[in-house]
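Dropping the structures in below, format is structure tokens.
Both complexes shown next keep subunit A, but they swap its partner, so subunit B is in the first and subunit C is in the second.
Up next, the complex of A and B:
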């Protein structure tokens, strides 16, 4: 019968608005204002899903985020959201939910028999079993059995948002304490944000007096889940209609007030995980907020006075309260009087020996302390209350210390390390005192069966026996206990299990709970959708990609664009004739002329009276001696002598230099230079000016480069005599200021033309026009990488790694000429940096099959173990019409001519070691007579 | 190729302007206006000193900002102190040559310890205004842009939508963003997407 457990009146629901929903295919109904959990309980649904490890039946145990059994999968068209708490899911018309971790359903689950094997599956069993033949043999089955819910396999249709907010006071929690604190702060004129994970509403029919202050912003359905440095609190705001499914708010507050309340502790007894067992506060909450009675005949088990009120409330609502089982000998007189007045039987000094029921609770067995046999009490609802613990997850994440309060039996806020304070129940002062442990008697004397069926963490299936095993095996630190048993992991994050778990560990190791301590809570406090973290960074906005100044004209040029080092660049252009595009482009540069948009190269200008001194310290190459108008190749090293970047340094004037660095490092190297100047040498008069996107750069390369450029209105002489290799000139091109570098990364005569960014596309077209008569080809990054490979020029980061020093690439001569100190110099003097057996840059030619050597292929050691080198760049040279490669090899330069094995992905081949330069080893083409 | 082509509106800005005009309702509380290329000059010094402020004062004809991350202005010439040794002069393009000449003269007088760089080519600029402007910025910028923390005339370098920008708060709800020209397309896509969400949230 629909809504069979709903009272005729009461609750904060709108009974005029009936909502229909589906759970596991059943059509059910609830009311506006219900959560999915309250609607399920109202319809008499006790079993909601199955547990993580043992597939035991699970039901609703809590009212909100502390619930341990009501995880469901929400399905809405293309959306499928796993592991959503039914207690935190607002009921809406047409909602469809499915139980998790069971098949075919939660009442009859094929894997339910695992529970019978629980004695063989104690804590850490997976560390000790599945050894033979290997873990991977069992892994597929275990992966299918384990886990909660199913990850969606289609694209997420929802949109997510991220927002940065700032305020003077952030109040977390919209209960009495939170609202009072927020209103008081707002009244003082402070800019206040209050976040509440549900509605800000104290009880049915009432509402907190809302401040009319415009400086108070209240976010409902917003859960603070993480607390970070400098009072940064991460908040997840759930959808309330509209297109944004979830919003991640990063709130930085001058001061944070945690009014996070307290969570009731469950009592521990055998069979305490059976659906129908519920926190007393939750049962009362369902009654008051939703007009739902979670059972017809109830019992309560407790160690404090608070549960007595719940018993009375249930009785007044028409629930038959069979008994209160109090572990204490003498409850407070007020509590006892109220129970007696309501006619409720109280069993003091008693505990529960067990529960029964096939799927859900039918009865409990109660015994006085010391008795081994008890008497049966029929009930379908067992409310459990082991006292209250302040909710201090965020306080702990903020770095605040926690102190154990013996009277409360829980941790309370200790010394704070940020501007944060806990108020109300989160402070602990107003919480009811407890009368001892949440378990009965000497837990060490419990039978093995009792321990195995008394659960501490219902989400992770951690039972008392698991804590005992961990303690026995030496996991006496609470952090080790957590990792060994998974206690407090999963979506629960220890809300109801942590305190009981560490109290048990204390009991098993003969310590006090305060001495055991608490785990440091980790974010997130509640599960947060991955989409919320991604926010807008998805699809085309996933990462930023820079565009060339010639981007708009690349399409008409037939470019095939790809992302490289954060830039969208032409990899190659359309193929022509029988050659591949890259082959045609390489051959054009070698024999005629090519044009490339070279703008991504990092460009930096260094000026100032101490510019030369500064760069002398930066580069592992002489700079101060560089004449004006000339350029030099240079390496930048870190303090360990390792190459971090390379490029050209050109002297524009006595106190002005122009640097190029690799495109992927452009921003990084500017920061690096600034750091050295500001931190190490603030006495040097140096100005560092990044110019990467100030200046477009077009590269004209090939034997006819000079001829093509001569057709432009460039006011610079280009002949080799007046513009030799490795020279720089400044001039004008049709009135636009330009800077021209003559270099040769391609191995051919090359001119790099730098000019204001917005003129790049115009010059591109002009050079194409001028080059048409000479069959100028556009070339992309694929051709450039091949051209430099043919020359044996390194690509930093591709051919080098975090151990490569200049001598490894045969560039030791650059710094050996230096007299001034430079970064990394001391490290290069270490014997290790000069050892003969270091990896050195060499060339490789395949022997035998003639197949191309794969990049990343390994050169194994002759004795079989380890490697003596690897292939770093490889391809078929269009110029030589055969495969070539370069790479690093132990003592490589002394092994030219040797044949070495090369292994890659199960394939074995051989290669001859040689010098890395394959084309024009004497650089005659670069230094043409012009 | 003519030198004056440098002051033509950037293609991205032009596209952005068209898109903005097509989709932003008049009453949205949020206006997004791509700006024609601004005249931008970078003035850097090797060391922080009173000489730098004096040089700026002489070249600009008004008092430069006395606090870091703030700006002063006169007749649409704005001086933004964006990092300890770096000022950005933001003006109408027509004023750029005059300002460049003045600053270059001051830099020469400082004997190599100062440098002026033309930066107009390096940035695309967008004007963001309206009651919801700060709210939109808060979706991509982690800084506190409330008036109490960032009063009008605040100028700073930061990241917006993971893109490095120079942000200039001209008035309480009016921001000028200078974004690296190679990334302006990405920023525009981001803003268009954000505004779409923004409009739907606000029932437009």
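Up next, the complex of A and C:
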């Protein structure tokens, strides 16, 4: 029956705008202004889903974020959003929702029988039971049975944004107190933001000017979920329509006003989880805001006077109120009078022994204190009210202290540590007093059956018995209780159960609730979409890759692009003939000439009167003695003496140096240099200029490199006499300033040409043109890695690790010649850094089968456990046409010729130890006579 | 989510800054010859105080290294910072 539980009038809904929606396949209707929860109740739907662990039927119990039963899966085209709160979902035309954690449906659930086993599933059940043979044996089945909604499979089609805002006063909560505070602050001329997680209340009354003041901004559907230092409040703003689904809004406020209201506590009694049991405030809210009566015949169980009002309101709306069950002996006289005037029977000093009904509530059993048999009262709605607790999650997150108020039975704001205050009901003073506990009598004397059927946390199926078990087993800290029983760990984060849980723990351990304390409130207050945290940092924007200056022309050259340390670079080019592409590229560099876009290499210029002194301290190699126009290989160490980077240092002028560093370290090494300059040596006159993305770099390498470059309009002599190995020259190429570095990372004569970024592609084409006659080959990073492997040159971080000092790679001579201090010097002087049994760089050649050694393969110790080394780089050398490798081996340099075992992934082989350089060990090709 | 008052840029959010460790009052000179124990203490041991201490922070936006006074228990007094290069 459509809208069977809707009143003819009343509520903030528009009865002229009928909206149709689907729930579990049933076509239903509601009105504009409804939430999904109010529309379900208006259609008489009591059972919305099943509980997390025991698959017990669950229905709507609350009006907002405190609800424990109204989780649904929302389905909308490509979207399938799990665990959406029906109470906070605006009804829209065509909405499709499904219940969670049940099959085939919430009323008939195949796993529903689990609740019959509840006596065998006490707190700590998983820890105690699924130990043999191991938890992983049972995990798949339990994961299938437990849980709530299903995570969507596809990519999230929605867009998210992040925004930063500032204001003088931030008001959280758009109820009466919040709106009043915001209006007053705005009238004073303050810049005010008010955030309200639903609509500002009352949305229909028009009692408040929407935004009369230009300095007042009101955000609806904006939930403040986190409160951080310096008054930073995180707000999730759900958009309605539009291109952005949700914004993560970070608001920095001079002052924060928390008008977050209060949340009602439910009473605890056996059978209190049956759909039809609802917070009194929720029943009244559905009546007043949506014109929905959640039941035909109601009863009310309470420990305070506030609930009497709700009974009278329900009665007036045409609901027959069968009884008020008050755990106190004497309610306030005016409350009793109003109930009597409405003709409602009041049972004082009474409690509920149990409830009954198939799926949903049909009747309750009520007894006076001390009576063991009660009498049955038929009802399909049971309103429960155990008093109110101020909503202080954000206040607590701000660092504010909480104080336990005995009369309220709840925590109220104590001393603040930031500029924040709680107002209205969140402040606590105006809340109705309660008459003691939310359960009846001595809970310690309850029967086991009663304890098992009296739920504290309806979302994660934590009953009174679980708390008793935890207390009995010594989990007397509220934080331990939470983790052991899962109390308050569901999507609602215990909004209605934490306080009841800690009060029960207090009762079981003979303490006062104030002494037990509350669990720490952590953000987020309500679940926030992960997409909102990610914002725009998804897909291509998640990790930005940089492109070469020649990127546009790489495609037409057949490049296979790969991401390498943040750059999109050609790994290799298309294969030609019988050779693989990498083989062809390596052989071209060895025998003719190759061209590579080398631009990702880190480039730093150092200038100033103290430039040489500065670099002398930075490099574990002599720098000050370097003549102008010459370059040197250098290692940078950290204070532990460990190699952090290697590269070339070139002296352009007396007070001007040009450094290259590993491409992956380009930014890090600039940071490193600046840190030392600012923090250790502020007296040195040095200017550090990062040039990595300012200068393009093209590398021409091979015996014919000089011949190809001579064809260009370069105003520099290239012959070996005037431009020797490890030299640097500045000149011009067709009017464009260039600096040229002659190096040999590939083992062949190489020229690195540095020029302004925008000229990189032009020079690329010119070199290709000039090289065509010499069969110039383009080569990628794969070929470069092989060329240097053939030479036994290290790649920092690949062949070295966080223990490698210069002598380990046979580069100790670089710093042994230094007379000045340098970073890492003290550590290198330690005996450990000079020990004979250190890991040293060596070459490896496979013996026996002759298969390539795997990178990462281990060299085990010949006796006992442990390793004596590992293979760090390996491959089949195109130049030698056999597998080669380099790696680290204990005392390696004194063991050339030895055959060692090599293990990898269960495979065993053997390798001969040798010098790491496989091609041209005397570097004759680099020092060519040309 | 505290803020730091950079002497160049003014009050900025802490996520613009990078932590650079504690500053010790009597740290040895960068190249002082140290015994093994002193070197280990310098490289690896930290006071890790609960309370007010001096720290280095890098303002990543303007690349300035700062000396910041921070109470590690509650971040009070964290706002003011001076150039680390100042004596």
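Convention: the second predicted complex is superposed on the first by the 814 of 930 C-alpha atoms of A that agree within 3 Å, B and C clash if a C-alpha of one lies under 4 Å from a C-alpha of the other, contacts with A are read in each partner's own complex, and residues count from 1 in each chain.
Just so it is clear, a residue touches a chain if its C-beta (ideal position, glycine included) is under 8 Å from a C-beta of that chain, and two chains touch if they have at least 3 such contacts.
A quick note: this is a predicted structure, and the numbers were derived from the prediction, not measured.
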item	value
Subunit B versus subunit C as contact partner of A:230, first or second or both or neither	second
Contacts of A:243 with subunit B and subunit C, given as first, second, both or neither	first
Which of subunit B and subunit C A:679 touches, first, second, both or neither	second
Touched partner set for A:691, first subunit B, second subunit C, both or neither	first
First, second, both or neither for A:759, with subunit B first and subunit C second	first
Partner chain(s) touched by A:562 [first = subunit B, second = subunit C, both, neither]	neither
Touching partner for A:827 - first (subunit B), second (subunit C), both, neither	second
Partner chain(s) touched by A:640 [first = subunit B, second = subunit C, both, neither]	second
Touched partner set for A:553, first subunit B, second subunit C, both or neither	neither
Touch count on subunit A, higher of subunit B and subunit C	B
Subunit C-contacting residues of subunit A that also contact subunit B	682
Subunit A partner contacts - residues on subunit B that touch it in the complex	1-3, 5-6, 8, 10-11, 37, 42, 44-47, 85, 111-115, 117-119, 121-122, 138-144, 146, 148-149, 161-164, 180-183, 185-186, 189-190, 193-194, 197, 200-201
Residues of subunit A defined as touching subunit C within the complex	228-230, 232, 399, 417, 617, 639-640, 671, 674-675, 678-682, 821-823, 825-827, 829-830
Subunit B partner contacts - residues on subunit A that touch it in the complex	159, 161-166, 191, 242-244, 250, 252, 536-537, 540-541, 543-549, 551-552, 567, 605, 607-610, 655, 667, 682, 684-689, 691, 693-695, 733-736, 756-759, 762-763, 766
Complex interface listing, subunit C residues touching subunit A	1-3, 20, 30-34, 36, 39, 43, 56, 58, 63-65, 74-75, 84-85
